[in-house]
Amino acid sequence: MDTQIFSILLEDGIASGAIYALLALTMVLVFATTRILFVSQGEFVTFSGLSFASFQLGIAPQIVWLLAVLALVVTALEVVSALRLGQGKRVPWLVAIHLALPLAVVGACLWLAPLKPPVLVQAALSVALVTALGPAVYRLAFEPVANASVRTLFVIAIALHFILQGFGLLFFGAEGYRVDPLIDLDVSLGATVLKGQAMLVLATLAVLTAALYVFFEYTLLGKALRATAINRIGARIVGIKTPLAGRIAFTMSAFIGAIAGILAVGSTTLYYDSGFLIGLKAVLGAICGAMLSYPLAIAGAIGVGILETFSAFWVSAYTEAVVFSALIPVLLWLSLYAMPSEEGQEL
Amino acid sequence: MSVRALIVAAALLLIGPWLLPPFYITLANYVGLASIVVLGLVLLGGAGGLMSFGQAAFVGIGAYTTAYLSIAYNLSPWLSLFVGLAVTGGAALLLGALTLRLTGHYLPIGTLGWSVSIYYVFANIEALGKHDGLSDIPPLTAFGFSLQSSNAFFYLIWIVALLALVSINNILDSRFGRAVRSGGRTTPMAEALGVNTARVSMTIFIYCALLASVSGWLYAHFMRFVNPTPFGLGTSIEYFFMAVIGGATSAWGAIVGAGFYIIGKQWLQTLIPAFTGRVGQYDVIVFGLIVIAILHYARQGLVPSLALLLPRKAGGRVAHHVVGSAEPLAHRDKPQPGTKLLQIDRMEKRFGGLAAVNGVSFDIQAGEIMALIGPNGAGKTTMFNLITGVIPKTAGRISFAGHSLDGLGSRQVMERGITRTFQHALLRPHMSVLENVALGAHTRGRSGLIAAALRLERKEEARLLAEAKKQLERVGLGDQFDAAADSLPLGKQRLIEIARALASDPLLLLLDEPAAGLRYEEKVALAKLLDNLRTEGMTLLLVEHDMDFVMNLVDRVVVMDFGEKIAEGKPDEIQTNPKVIEAYLGSVDECSPLKHAV
Amino acid sequence: MEMHKLLITATAIALSTLAARADESTLTVGATVTATGPAASLGISEKNAIELMPAKIGDTPVKYVILDDGGDPGRAVRNARQLVEEYKADVILGSTTIPNSIAIGDIANQTKTPQIALAPIPASGFVFSLPQSADLMVEGLVEHMKENKVKTAAYLGFADSLGDHNYAAFLKFAKPAGIDVVTNERFGRNDTSVTAQVLRVMQAKPDAVFISASGTPAALPQIELKQRGYKGQSYFLHGVINQPFLRVGGKALEGTIATAGPFSVAKELKDSNPIKAHALAMIEPYEAKHGAGSANSFAAYAWDGYELIKAALPKALAKAKPGTEAFRVALKDAIENSKDVVGAGAVYTMTATNHNGLDGRARVLVRIKDNGFHPIQ
């Protein structure tokens, strides 16, 4: 292998790794605030990427109907529970946030899609669509059992993966989609060519990481989320509601996943079932940071991307086997430092 | 478990092929194959608290081994079964050594990684037919009969499945099974009672891998075709879902879960298109929703949740074992009263820069009750943990009955005769009172998984249970041995914990706040019990906040504050010690318990 | 616990689901396809084609039962059993993937039910296989390579069963043609990047690249090859002949060559070619329902299953009634004696030893030009 090939592989590995890193970030965020190992996050990536591709063909993605139905169910549940608690005054607010907002997104998608708006508007619509799914999914699948064991929550996340992937097949079909890169600009740098799209992914990663840092360090909401992560019961006592923390975490998770989807579909073909492997590789990255550390999760995820590219170069038929076996030494290393967990519950 | 249920199941099995139309025999075969794997998950996950997403890979090893050997070397399938078991056992041992050290969510992720990897290994080995796999696997023959028909296989699969079921039920209801259900590494309690949790985890991991391997062997000769697809992550997740649906705490749940999943899936396929006109795309959504619904509304799974609806019969699974008199267990000789039993010399524990225990020395004499008191944060519980080896000490020496305890872990300390209880009664909620107490006698028995599965340990088991019953009677709960441990009030739970500790035949009993949260009458009864134990020659050390309780009961008191010993002496000396009064009154702890006592 | 009550209930529920078989004269066609999972795009096309099949052949009413096996041979076998034993299927169509089709073959032979596999598998006994074999198609590609003086060729294929078969076939024909196969790189359907594999290929500096994949995933390597400045000729197999592939691959596909069944270029076939009319008869309703350019060779395989059954039915009906073993054996014999049966994808002539029935006529080479497939004359 010469240096040129090495540098191309490295660039490619980092570019894939940056996508995993985006997801690994939110993996850590969601785990810290809700204790959910959210393996189905990859589905947000495919939903957004495939919706984006659908908009480019001038068709509103059918997934809007899923959002509409979920919004109706969530609103019904919220309104009923508010009325039961005698908080009738909150009903208009609940309807606005749980129903009107998602339906506005649905409406915008249906209205704008045939008009073929500018690419950035299409991307924004796709991101809005998927972001709105995040809190709804949390509300229905996780919130009622927010205090269950890590294991139970993990199993729900896996079941959710099957459900969302099933909807993916239903709404987007089995064929793959791909769009033109958002930036079709290649910069020659010595012997290697830097792909514009790869640069865009890295820049997004940097910006989102910085934004998350500012959010957690300098905003009240961010501090509240951190407090929840450190001590759920304590946070509840001082007035931060766990459900709220969960919904915010899932909104952010869906938002970042959606952005990753827009970026991914510009550099590769996405399928209805692409999300699972992408999500699992992000989990591998997040595990490197023991599901706690954001910088280590990013480093781990980029490491996964690089490992993947290099093993595809040397033993392409075994790529996944190599990537997932690399998990074992990482876990072993972690286990030397891990204390027995508090988790005493059976599944 | 109910023998009646088993007989009914066996009878159903026998007449099954006459009752069921041919297609349902085929389906039942697949249900049986899956049940064998899911039964392993019941032991591993439901009882042992370990989560594996790697079972399909073990099925694959069993299936591929027999397929390869019987095609390439014409080896008899009956022999290749054992080769497959050996290969699977080896793989499980290796994987277990790598991943079982990991707790919490790392184990499922680790097995998940292994599951993805092994698929590509199967799919890329030339001798295993790569992605196409191996076909024309010879059928099984037994006594000159070819077991080729679906019906013949139905009997074979279900005999194996029922044997697996019986073995799992036997294991759960045994000394080894109690160790499995003790919570393993998730709680300090198991090791403190002498359970070698690492070994128990490894044993059940291998056993359930072997069950999966047998299922794979049957699969290969039933299908007479193997390829990598059914041994990947997707199938492992499906097995897991079956366990969740059926109920991972019940062996019958494995069979119901497998049946529900496989028959349901086949059924939905033909049912859903009738409404929607679309094939195959809804069933995965529907099953995902079912799993979530079960986790929301019946987290224990179908069988345990439905069992709750049935009237519970008087007398549980263990009642009949206790009937009849078993030979009592051998017990240790008590040391001569007044001799030094435990010697603690300049004990020190630092967490970073903070000294939680700093140069504390004291002795305990055989036959006395000593109390360790002090304000909150004085280091009493840390001291307990140091004595019992739950955490390693930074410096100091400790010896017990003349032997050094330095460097020993919690299990080894316990084996030398020191048993403890915990501040929050750590009872196993899904076990009966008697089983909880019998767990205490763990180190007084020997039998392991195999003896339990084959019921070769009934004599020993009867002795262990008789001992547990005896200790329950000793603490005054002889009539409640069959209740669920978590159904009893706190006071009784504490007594159960003491009975459990007694069942280990200790020389020294360490009690961590035994009176906390008890009502007055309960405290009186507890004091009487401890007094009786002293009379019988037991040595006790207790950490306690309730000064009335302490001062009227114990022989000597050690007082700690900020990690250091500030006083030691008889209760009346302590109560007038100015340093002690200073420590309690000067502390920020507003509800200082000494106020009442002083 | 009174578990036996549960067991009894479960059994009762199971029994109550037994579907009734249609009445005596109805022909039952059972299908198991891979409509979910990795091969879903293939299986869904086949399912769509089956849904278009007429409810009557001559005077005989036909009942179709379609099941999904999700790519798992175990499920394919369960489906086949259900089709044969519960629905009393007279013939099985399927499955989509090679392993699943092989797994079903055992049941076809055991129960004496003709199986028309929609994946290229070795076929004998009661098993028929309609797609062009790997050998047939790869041979065509190699001929074209040889004519164009290709000396070295790279192989870049799916990490699956199809990838294995095509590689074996490629080696088999390339050597006698004097072509050196310089790489055996594999990629997954869902891979987000094939840069590494493409670099391997480029390093070997081959005159041509054989990308052995089906459907949209086949486009990614070609896009990457173009981006990396590869100038040689790329070849595909007939699995790529559909609109989504062109949509995903776009400009990068211009000038590449693929094998195809005559079906794929039906509109450009001469009117004298008998396949044209049969192909269009299927394409028109199919595309009316699923969109222009949606019909592909997988749909054609399934459709030709119907064509073969239709041609064989009168002979079989003369011997026995549907639903009987005698009928199934007669149907198998009749299909085995199909002579020049024209389908949407090929003209089939089966014999007792040839259960595939295709010849060179089932293969054309097409070049991708102006976002369309055009036969190379």
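All chains are identified by letter, namely A, B and C, in their written order; residue positions are counted from 1 within each chain.
Operating definition for what follows: a residue touches a chain if its C-beta (ideal position, glycine included) is under 8 Å from a C-beta of that chain, and two chains touch if they have at least 3 such contacts.
These numbers were taken from a predicted model, which means no experiment stands behind them.
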Centre-most chain [mean C-alpha coordinates]: A
Pair joined by more contacting C-beta pairs (A-C or A-B): A-B
Taking each chain's C-alpha mean as its centre, the one farthest from chain B: C
Centroid spacing, where centroids are CA-atom means, of chain B and chain C in whole angstrom: 51
Whole-Å gap separating chain A and chain B, where each centre is the average of the chain's CA atoms: 36
Shared interface positions of chain B, touching two or more other chains: 120, 123, 281, 284
Residues of chain A touching at least two other chains: 166, 169, 317, 319-320
Residue numbers of chain C (touch at least two other chains): 36, 43, 159
In the complex, chain A residues that touch chain C: 5, 8-9, 12, 15-16, 19, 166, 169, 173-178, 264, 267-269, 271-274, 277-278, 308-313, 316-317, 319-320
Residues on chain C engaged by chain A in the complex (per definition of touch): 36-38, 40-41, 43-44, 159, 185-197, 199-200, 203, 215-217, 219-220, 242, 244, 247-248
Chain B - residues contacting chain C, complex: 1-2, 4-5, 8-9, 12, 19-24, 26-27, 30, 120, 123, 130-133, 135, 150, 219, 223-225, 227, 229-230, 234-235, 250, 252, 256, 259-260, 262-263, 265-267, 269-270, 273, 279-281, 283-284, 303, 306-307, 310
Of chain B, residues touching chain A in the complex: 45-47, 49, 51, 98-99, 101-106, 108-110, 112-114, 116-121, 123-124, 183, 185-188, 237, 240-241, 243-244, 248-249, 278, 281-282, 284-285, 287-289, 291-292, 295-296, 299, 430
Chain A residues touching chain B - in the complex, by the definition given at the top: 37, 141, 144-145, 148, 150-152, 154-156, 158-163, 165-167, 169-170, 280, 283-284, 287, 291, 317-322, 324-325, 327-328, 331-332, 334-335, 338, 340-347
